[in-house]
Amino acid sequence: SNSGASDDSASASGVISADDCVDPDAATAEITDTLKVGWSAATSGPLADAVGNVIEGMEARFAVENEAGGIDGVDLEVIVKDDAFNPERAKANVGELIQSEGVDVLDTFGSGQLDAVADDQNDACVPLLFGQASVPAYRDIENFPWTTEYLPSADVEMEVVVEGLKEKYPDGATVALAENQTESGQGYADGFKKAVEGTDFEIVATEPLTDPNTAASALKASGAQILVDAGVTTDCLALTQAIGRVGWKPETVIQPSNCADGATLYEPAGEAADGQQILRWLKDPANEAFADDPAVTEYLEQSEANGADSPTNSYTVNGWAIADLMIDNFHRASESEDGLSRLSIMEAARTQDYQPPMFIDGITFQMSPTQAFGILAFQPYTWDAAAKTFVEAGEVIDISSNYE
Amino acid sequence: MELFLERLIIGLTNGSVYALLALALVVVFRGTGTLNFAQGELALFTTFIAWWLTTESFPVWIAIVAALLTGFVLGAMIERMLIRPVQRRNDMAVLIVALGLFTGLNSLAGVIWGSETKIMPSLFPNGLDDYVSLAGARLYYDALTVWGALIVLLVLMTLLFRHTKLGLHMRAVADNSESATLAGVRTSRILAVGWGLSGAIGALAGVLVTPLAAEQLGLTTMFHIFIAASAAALFGGLDSLVGAVVGGITIGVLEAMLTGYVSFIGGALQQTSALFIIVAILFVRPNGLFGTKRVVRV
Amino acid sequence: MHVTPGPSTDSPSVGDAGDALLRLRDVSIAFGGVKALDGVGLDVLPGQILGLIGPNGAGKTTLFNCITRIYQPDTGEIVWRGDDLLRIRPHHLAGLGIARTFQNLALFGGMSVFDNAMAGGTSQGRVGATSGMLAWPPARRRTNELRRRAWELLERLDLLEVAEAPAAGLPFGTLKRVELARALMARPSLLLLDEPAGGLTHSEVKDLGELIVSLRDDYGFAALLVEHHMGLVLGISDHVVALDFGQKIFEGSPEQVRDDPAVVAAYLGRAA
Amino acid sequence: MTTIDETTSMSNERSGTAAGKPRGPRFLIVQNSPRHRAVQAVLIALTVVALLWAAGQPTFRLGQFTNVFIIAIAVVGLNIVTGYTGLLSIGHSAFFGLGAYTTGILIVRYEFAPLATIPLAVLFAFVLGLLVGLPSLRIHGLYLALVTLAVAVSFPEIVRRAEELTGGAAGMVVRSRYLAPPEWTGLVRGERAIWMFWLSAAVLAIVMLLVRNLVKSRFGIAMRATRDNEIAAAANGVSIARTKILAFGISGAITGLAGSLFGMYIGALSPDGSFTLMKAIELVTGLVLGGIATQIGPLVGAFAVVFLPYWTASWAEGPLSGVVFGVLLIALVFLMPEGIVGRLGLLVRKVVAIVPSDHPRRTAASHDPPPEPPSPPGDEPLTASR
Amino acid sequence: MSLLHVEGLRAGYGSADVLHGIDLDVDAGEVVVVLGANGAGKTTTMRALAGLIGRRGTIELDGSPLSSRPERVVAGGISLVPQGRGTLGQLTVLDNLRVGAASRDDKAEIEADIERWAEVFPVLGRRSAQLAGSLSGGEQQMLAVARALMSRPRLLLCDEPSLGLAPIVVQELFATLARINETDGTALLIVEQNAELAMDLADRVYLLDVGTIAAAGTPAEFRSDDAVRSAYLGY
């Protein structure tokens, strides 16, 4: 909900208060020596590579920062605990990270995991910054003052998708929706349905992605002009392959932003992936177009030098960008009157307006004490199968005006 | 019509995949009297080996042969080193060993090759244009290969069990291994061969399936297939080769048709509906469609 | 249906079954082409020990299985104290007073000998899950009573030493006695014994025969005894029936059996 | 003819202990004797001390212990059908999930107090248990396991489908303010962890006690008889149908109770989270590791399945932890195929034997050690099935 | 040199020994009977010889150590008819007999042997396609004997072969065993409660008691012992 927070959740400084915390003193205590960022994420199982890349990206960026003197002398450290994508273990991990490792900031990967830990982490007043989830629930500042999400909320993304579609199909069109049967997929699907309400777009088929082949055949039968994939990572490739095999080539195919990696998710599908559209907010280091971008060259150099072994993977870039965002917060917190503390970090996180260098120019990450905007602008891209690369398909679309 | 054929083809293809793995399960069951819960992950592991060999620029067919051999050796070794020592003592313990293998093999594949999705090349042309058109529906060659492999395997295994001494001995060991040993059957070799065979069949299933599975080759590829395959094997009667094939195909087609035509069910209840139909049929035939009823006399 | 609580030596028979406790008429059953039973009829009188003999595969065990409702006869009637037994479900038989032992043992291997015996008392009163869970005192009292009986029987059958041992792993002959104890827990009016002397030495068989007779005298049950050990059958039976290929080929006193040409030809061989 | 020792050889050896030279247990304790009572009292005291120690641990540990207790309750439930009645279930995740979702839905949608949801959660799981038990009358062995598999697989799919009620794939979050300890406890909201710890411990203790009674009762004997030999059980008056269905019902109810507590503990329910086939497999693993058909096996097994992955994840990084976990599982089964408690039980029984107080030779027992259970149940067939 | 020479045989289940040092010999072509009370360890002895359970002590066949692997024991010429039959219930009668020939490769001879035993036990011929598990107790016992003979053993171990057989069949069985012993020279080691019949056949007799050999001698010697008579012969 973007309805804004009520005033009483703001503290004296107008942003956030530690009064409700189990241990208010801990929240305001100054952080010295090292600032620990604790992760609970699936470093084993099918998502291990993705998670590993995010963390490598973050660690590389932190290493660079530490070399440059850290946050005013405070070193950054990452502590990772495996939750195997299991909410129970995430809950236990976060408890342990807070109580036993004494972390100052948390992060998690996946909506189910975030659900399982949010209450505990809010009660303990340990900021959970840039959670890797796209469900809208954690934009609710009143209920989750100590939690922010990194990924664009699914409804925001879908709103932008529909903006783009309106331009291409001013008189509307028919849409087929493929829905991943997880929290994340359902978030996208709900977001899309909400966004097309009152427009001329008509959803003529909705199929769950349990078996991509069956789904593809049924979606094809709808004869829709547009295919929207409310999917999660590997679904994107599977769906592309499946529609290729049933011989369906919709006019427009929209992939979710979490399917940003060309090499693993588009290239293998060959011709079938050609022309698919996606919204991006990150510069793509694998894309020739960014070869001369100073941020990208620096990123490639530094990340590789600091142990990230697949720097062009989009998850690595995400990890790096999240680290950038965190560092921005930490610096501002450290420079605040209260000095570097969990509370000041959270205050900084709630008052952020920053473009990490790896964000596409014109896209910033924004937070206000009353509204959690996050990423509100995207640049559309399409996949060029022949050139095996994404190509720009338009200007940055910014919908932040809708949220003011 | 086109849609129906399309669904039918998808169902048959998915079904043959289930059937292949179900055959592997039946072979172990008929040869040793146990259900191998690690069958799917074993197949996955050997498929990863095949994939890895192709990335080392071995031809696909060599990779596949190597996978089959590895499957055989791994299967036999697992039986001898891990299953047999506990089987003598406790049946439930075998289940846990298999679960340990399940986690262990899957994670090991992750350790060695990472969790990213892999693209396993196909032995046969499998481009987007390599199909024959059936009233508008596309029948791809690689799907045909799977059907073909399934039929060949079914015939071979039937011959093995019906007409060879090895097959007779496998059935004897599965029935009562102590009694078979007493008759002079080399039980330990038979057990190892049974598991080896099923390991190889599983590997075959893996290498044929992944190129045409939309999900490609990832750490989770085999799980759903394994669930469906065990349902298929049980549905068919657990000790019946034909049953496994009929079971696999039935589940595949049921899934495709129910999802396609029964809008209330839709894809969301795909597995549920297929499994419950099977349970309903089990009510009528508690030993599966083709299973032999165990005679229990008092 | 009615439950017979105790020994029934003196219980008068009911209905039109005359004096017979159990009456079989024209019972037939076939498996595939094999006629396991072919029009068999016989009566078991209260307190009687009826020996049932016949060559292997004659249908003796099948007859037991028909009576205990494991098999459904193709034709014929089985009447228990005037009630049609074929309408009764297997687990109600014990409550009616019919208990059996099994030819090749059917014990509860994972349970102790004592618990095996206790299982035989299942028919004695309600077996409640809730009352069991709550250790409801009235239920506990009933259980304790049964336990006392179980101990008594184990002592009587010389099983006290092994009472706490799991049934699996005990010698065959011992296990046969465990089955006997279990069957007796049901306070049967009719005991079906399928080859109880299997695997026993001569003197053990003799002791077993005496035991069966003394138990019958004390508890007053009738017994249908299947046994290939002629010494035992002829020694303790009041009456003998012989089957061959599912048909009754002889019925008479133990003394007559050895001289019956049909029995000798089909079963006894050269006069033993 | 060589020697015959007249006295021994001709004596009619009857007992199974005649052969071999059984080393009977060294200590005999008569049930309900002062000595037995004393041993029990000591054990209870030790348990209480252990609980008090655990309650003093940091909150996250407390949470882990709570999780262990909850899983233990679930496994105690599973033990009833799988351990004592011999029906393998890989569908208990559904009972667990039903309990959790009942509690979640009642709190979130109908504003129930958490504790007030327990009776309904148990009731629903009981009814589902009866339903799942029905097929067991016709379908046996692994085929029955397939039925339970169908239940396990369908639960998440149905939850996703019933979106209005369950929140579908997006899950359902029970905010911690709804889960605060009840007022009468005197605990405040921040002390939810300790409240859940004691609540789960108490429920576990009660459930274990009830199940202990059940297993020792005549119904318990009927369950085990059904497990060991259905035909013989029926011949002895056991109603197979009633026993199996009721066992499934009770089992489901207990696992549903665990699920209800789990809902309160985790506060976030999603169909892909803790209620999939994986959970069912975890429960079976716990049961076998702890010791099937034993009374404290479920608790020990629950410790194993909660802490083993946690420990392996701290020794080995990433996917390697999975390999270590797999190896550990196999190693445990190799060392103790009867399960941890099963194996310990065998050892303990070599030293101590509890003699029932109504054993006719109880008084003589201390002088003349009678009943040595010779060895674990072998695989010797006791039926005529071959 | 005897065909089978056993010295100091110890065996048991789990940690407890059931056999405490058995000494026993069977010469080629000899018939040896073992008597013993219920639980004396007869079955355990037979299982130990067949290699089904772990054991210590000397077991020699033709002077060289006997393998402890059951299938090698069979290949070496020793075959066991186990107590309680142990047929393969889910296989047909015919397949059971075929499995019995597992250690042989002479196809034609195997078929001839199958014919032979089907003649000796006619019911097996009639029921060759029936599943063994559905046979009556006695029928299964006959199948077990026939199956053991299918390996053409030099020494046939029989654990209570007459258990559950009708008197007439017992007589036939023993007559058959005698015939096989005579014509094929198969040595027999028989555990039997039907002591009378067995002793008619026996060259020598052992008495097993509580895991040790309590006595050994000829049938005549045993018959003249009062204690033996009352315990095992019943007169």
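The first chain written gets the first letter, and so on, giving A, B, C, D and E; residue counts start at 1 in each chain.
One rule holds for everything that comes next: contacts are C-beta pairs under 8 Å (C-beta built on N, C-alpha and C of every residue); 3 or more make two chains touch, one makes a residue touch a chain.
Because the structure is a prediction, the values reported are computed rather than measured.
Novice: Work out which chains are contact partners of both subunit B and subunit C.
Specialist: The shared contacts of subunit B and subunit C, listed by label, come to D, E.
Novice: Steps needed, at minimum, to get from subunit A to subunit D via touching chains?
Specialist: 1
Novice: Which chain pair has the highest count of C-beta pairs that touch?
Specialist: Answer by contact count: the chains C-D.
Novice: Closest chain to the protein's overall Cα mean, using per-chain Cα means, please.
Specialist: D
Novice: State the chain with the largest centre-to-centre distance from subunit D, centres being mean CA positions.
Specialist: E
Novice: Report the inter-centroid distance (CA atoms only) between subunit D and subunit E in whole Å.
Specialist: So the centroids are 45 Å from each other.
Novice: So what's the Cα centroid distance for subunit B and subunit D, whole Å?
Specialist: The mean C-alpha positions of subunit B and subunit D differ by 32 Å.
Novice: Between subunit C and subunit D, what is the separation of their C-alpha centroids in Å?
Specialist: 37
Novice: Rounded to the nearest whole Å, what is the centre-to-centre distance of subunit A and subunit E, using the mean of the C-alpha atoms as each centre?
Specialist: Whole-Å distance between the two chain centres: 76.
Novice: Among the residues of subunit A, which ones contact at least 2 other chains?
Specialist: Only 44-45, 48, 181 qualify.
Novice: Specify, in ascending order, the residues of subunit C that touch 2 or more different other chains.
Specialist: Residues 61, 70, 102-104, 106, 169-171, 174, 203-204 of subunit C each touch two or more of the other chains.
Novice: Give the residues of subunit E that touch two or more other chains, as numbers and ranges in rising order.
Specialist: Subunit E, residues with two or more chain partners: 13, 37-39, 84-89, 133-135, 137, 230-231.
Novice: Which residues of subunit D touch subunit A in the complex?
Specialist: Residues of subunit D touching subunit A: 58-60, 63-64, 67, 157, 160, 168-171, 173, 175-176, 189-190, 266-268, 270, 272-274, 309-310, 313, 317-322.
Novice: Name, in rising order, each residue of subunit A that touches subunit B in their complex.
Specialist: Residues 44-50, 181, 207-218, 220-221, 234, 237-239, 241-242, 244-247, 264, 268, 270-272 of subunit A touch subunit B in their complex.
Novice: Could you please specify the touching residues of subunit E with respect to subunit B in the complex?
Specialist: 50, 52, 70-71, 74-75, 79-80, 82, 86-91, 95, 98-103, 131, 133-135, 147-148, 150-151
Novice: Under the definition above, what is the set of subunit D residues touching subunit B in their complex?
Specialist: Answer in residue numbers: 88, 135, 138-140, 142-143, 146-147, 149-150, 153-154, 157-158, 160-161, 231-232, 277, 281, 284-285, 288-289, 292, 318-323, 325-330, 332-334, 337-338, 379, 383-386.
Novice: Report the residues of subunit E in contact with subunit C in the complex, numbered from low to high.
Specialist: Per the stated touch rule, the residues are 13, 35-39, 83-85, 123, 130, 134-139, 141-142, 160, 163-172, 193, 195, 230-234.
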